[in-house]
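What follows is a pair of complexes built around chain A, which joins chain B in one and chain C in the other.
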Partner chain A sequence: MMQSQREAGGPQDLDHGTVPPDGRPLADQPKWRQDFPIDVAQDEYVSRRELVKFIVLTSAALTVGQFWIVLKRSFSGQPARLAGERIASVDELSVGGARTFTYPEGSTPRLLVRTGATTFVAYDQQCTHLLCPVVPAVELGRLHCPCHHGWFDLHTGQPLEGPPQRPLPKVLLEVREGIVYATGVEESAT
Partner chain B sequence: MTRRLRLVRAQRLPIVNAMLAFVVLIVILQLWLLTATLNASLGGDDSTVIPAAFGSLACLGLNAGLLWFLFRLES
Partner chain C sequence: MPAPDALEFFIDPGRCIGCQACIQACTECDTHKGQSMIQLDYVNRGHSTQTAPVVCMHCDSPTCAEVCPADAIKRTEDGIVHTAQVPRCIACNNCVLACPFGVPKMQTRMNLMMKCDMCYDRTSVGLKPWCASVCPSQALAFGTREEMARLRPHAKPVNAFQFGLQTIRTKVNMMVPRDAGPEIVDVTAAMHEPTIGHEILDDVFDDISDGGDA
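Moving on to the complex of A and B:
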């Protein structure tokens, strides 16, 4: 094709000359193209080259995001250090009973469940799927999200069934002298 | 003394098109890697975070290499 262009009197140096789309010499082109010649091949080349550069920049951004996850996990893997706070007395709840509370003050609602004579568990009440409130099903050993039928393990907070993929954030508890204290929040109960 | 082959624009265009296809594929792979890692990390599984970060870095290296090749085509 290049040879035919040269034979037809087209530009000798295709790297620097203007190549009309039909390949005919510039002298045979309409006047508007002679006045404003557009090199289609060059135009396409430049646009694709710029797109490659932009996509490589996107690739760099995705790599930065990946390392941001590493840094975030390195600095926030430990449970949040919070002051202990009284949330209930043991006598307030019967076995299988539950109540909501906030910890720390102003947080999203938390759910305290008495699972045995001396055992309590507490989790964030918002389902990790779409933030519906979960309700305890103590007899099944589970927590139930009625919106989309998600189920969590009552003792670990891990998702068991339904759409939730992440465990419920766990509130760390201590029972001292008949009082239940919240002592911290474990964002990711693994 | 070696003489480098100088490619004309018409020859460079298919090369840059092929390069574009590779770069797009690698970026899609990186995007999948990022979403999968974030999902696992939020679910409490941190075991994949560091290998995925280095995998993404390798993909970026591959992309940077292709871009370097593109600049070299023009020099």
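Moving on to the complex of A and C:
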């Protein structure tokens, strides 16, 4: 009698985890039952030690990453000189007009603005805040980023207002015989 | 550390002498220090001195945990259902109302449900729970099945209980007569028996409908 009792439902049967009231396997149970298991082993419990470990390791990784960025910057030399490239003729743009181009080939879009009869400026079009394209506002002498209302100086690329903290990378230009050439890119220093 | 499989808990209410040693010993347990988790029931106090100790039966489908809205009641792999987790318990009393055996106790001052965890600090290292270690008549006994079969030749352990439509299997065993005892103990069988010494109506709506006609 006792032997059959053990076979029918002895404590060894209890070791296979909690049995739902309808007795069906866990896979057939509704999702909420799988999301809120009664068994400790299936519960996603984060111990204090695990949390402290996670925080310490993540902080350490961030700290090391900061030093890595500093070292990378201080050891990387000047970028290779770029070849001059024709990007537009003077007649293509009226004064105050603008167009995009890529320089060097395959770069992010650059913005060429004609500010005067013989003066041109060109910057990277991506705002240094969150990479929205900037729009020239030549009559104000500024570049405008409409996403968060960042403003840059049209003549220097320096940030004037709004969230951007760094100047726009400047494309160096040269005008010869009615043709605008790009001759290099001045990456924004921090 | 899981509680060892070989050692099991056996309750034999027929051996209970009502000395309350288990209640006192229970307060010594380090997992719920100062709080007794044992309920000593008087079976029919006006007519008998018979008492019955109630400890957690540790169901394989714990109703207390099923009804917990805060996901606070957990069962370890050795089948022990634990006190509600302190950061999660919202003291809603659902478990207290739902348990077929009336085990969980609401500690209102702490806003925490506490229940018998079979003295997890002791049983997990192979020691007897406090109640079983002090019970003079061994109504609460902790040992191997072989030991119990030798010591209690006229009783057998049963760990299946009927609660409404649900059959519950438990880690803790109830001793019933070996020859005449049931295979499954119906927890609610006596619910509709006429009460003795109390005029409590089973169905209050019967009385209302009768009175409405008059």
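By definition in this document, the second predicted complex is superposed on the first by the 108 of 190 C-alpha atoms of A that agree within 3 Å, B and C clash if a C-alpha of one lies under 4 Å from a C-alpha of the other, contacts with A are read in each partner's own complex, and residues count from 1 in each chain.
As a convention for this text, a contact is a pair of C-beta atoms (placed from the backbone, for glycine too) under 8 Å apart; a residue touches a chain by one contact, two chains touch by 3 or more.
Because the structure is a prediction, the values reported are computed rather than measured.
Contacts of A:Pro21 after superposition: chain C is touched, whereas chain B is not reached. By the touch criterion defined above, A:Arg166 lies against chain B but remains apart from chain C after alignment on the C-alpha atoms of chain A. In the superposition on chain A, A:His148 contacts neither chain B nor chain C. Contacts of A:Glu44 after superposition on the shared chain: chain B is touched, whereas chain C is not.
Using the contact criterion defined above for the overlaid structures, shared-chain residue A:Ala60 touches chain B, although it does not reach chain C.
Among chain B and chain C, the chain that touches a larger number of residues in chain A is B.
Of the two partner chains placed around the shared chain by superposition, chain B is the only one that A:Val70 touches, whereas chain C remains out of contact. Chain A uses residues 1-2, 14-15, 19, 39, 41 to touch chain B in one structure and chain C in the other. Only residues 1-2, 5-6, 8-15, 17-21, 36, 38-41, 43 of chain A touch chain C when the two sit together in their complex. By the touch criterion given at the top, residues 6, 8-10, 12-13, 16-17, 19-20, 23-24, 26-27, 30-31, 33-34, 37-39, 41-46, 49-50, 52-53, 56-57, 59-60, 63-64, 66-67, 70 of chain B touch chain A in their complex.
The residues of chain A lying in touch with chain B in their complex are 1-2, 14-15, 19, 39, 41-42, 44-45, 48-49, 51-53, 55-56, 58-60, 62-63, 65-67, 69-70, 73, 77, 165-167, 188-190. Of all the residues in chain C, the ones that touch chain A in their complex are 5, 8, 58, 60-63, 65-66, 71, 73-79, 82, 145, 149, 156-160, 166, 169, 171, 178.
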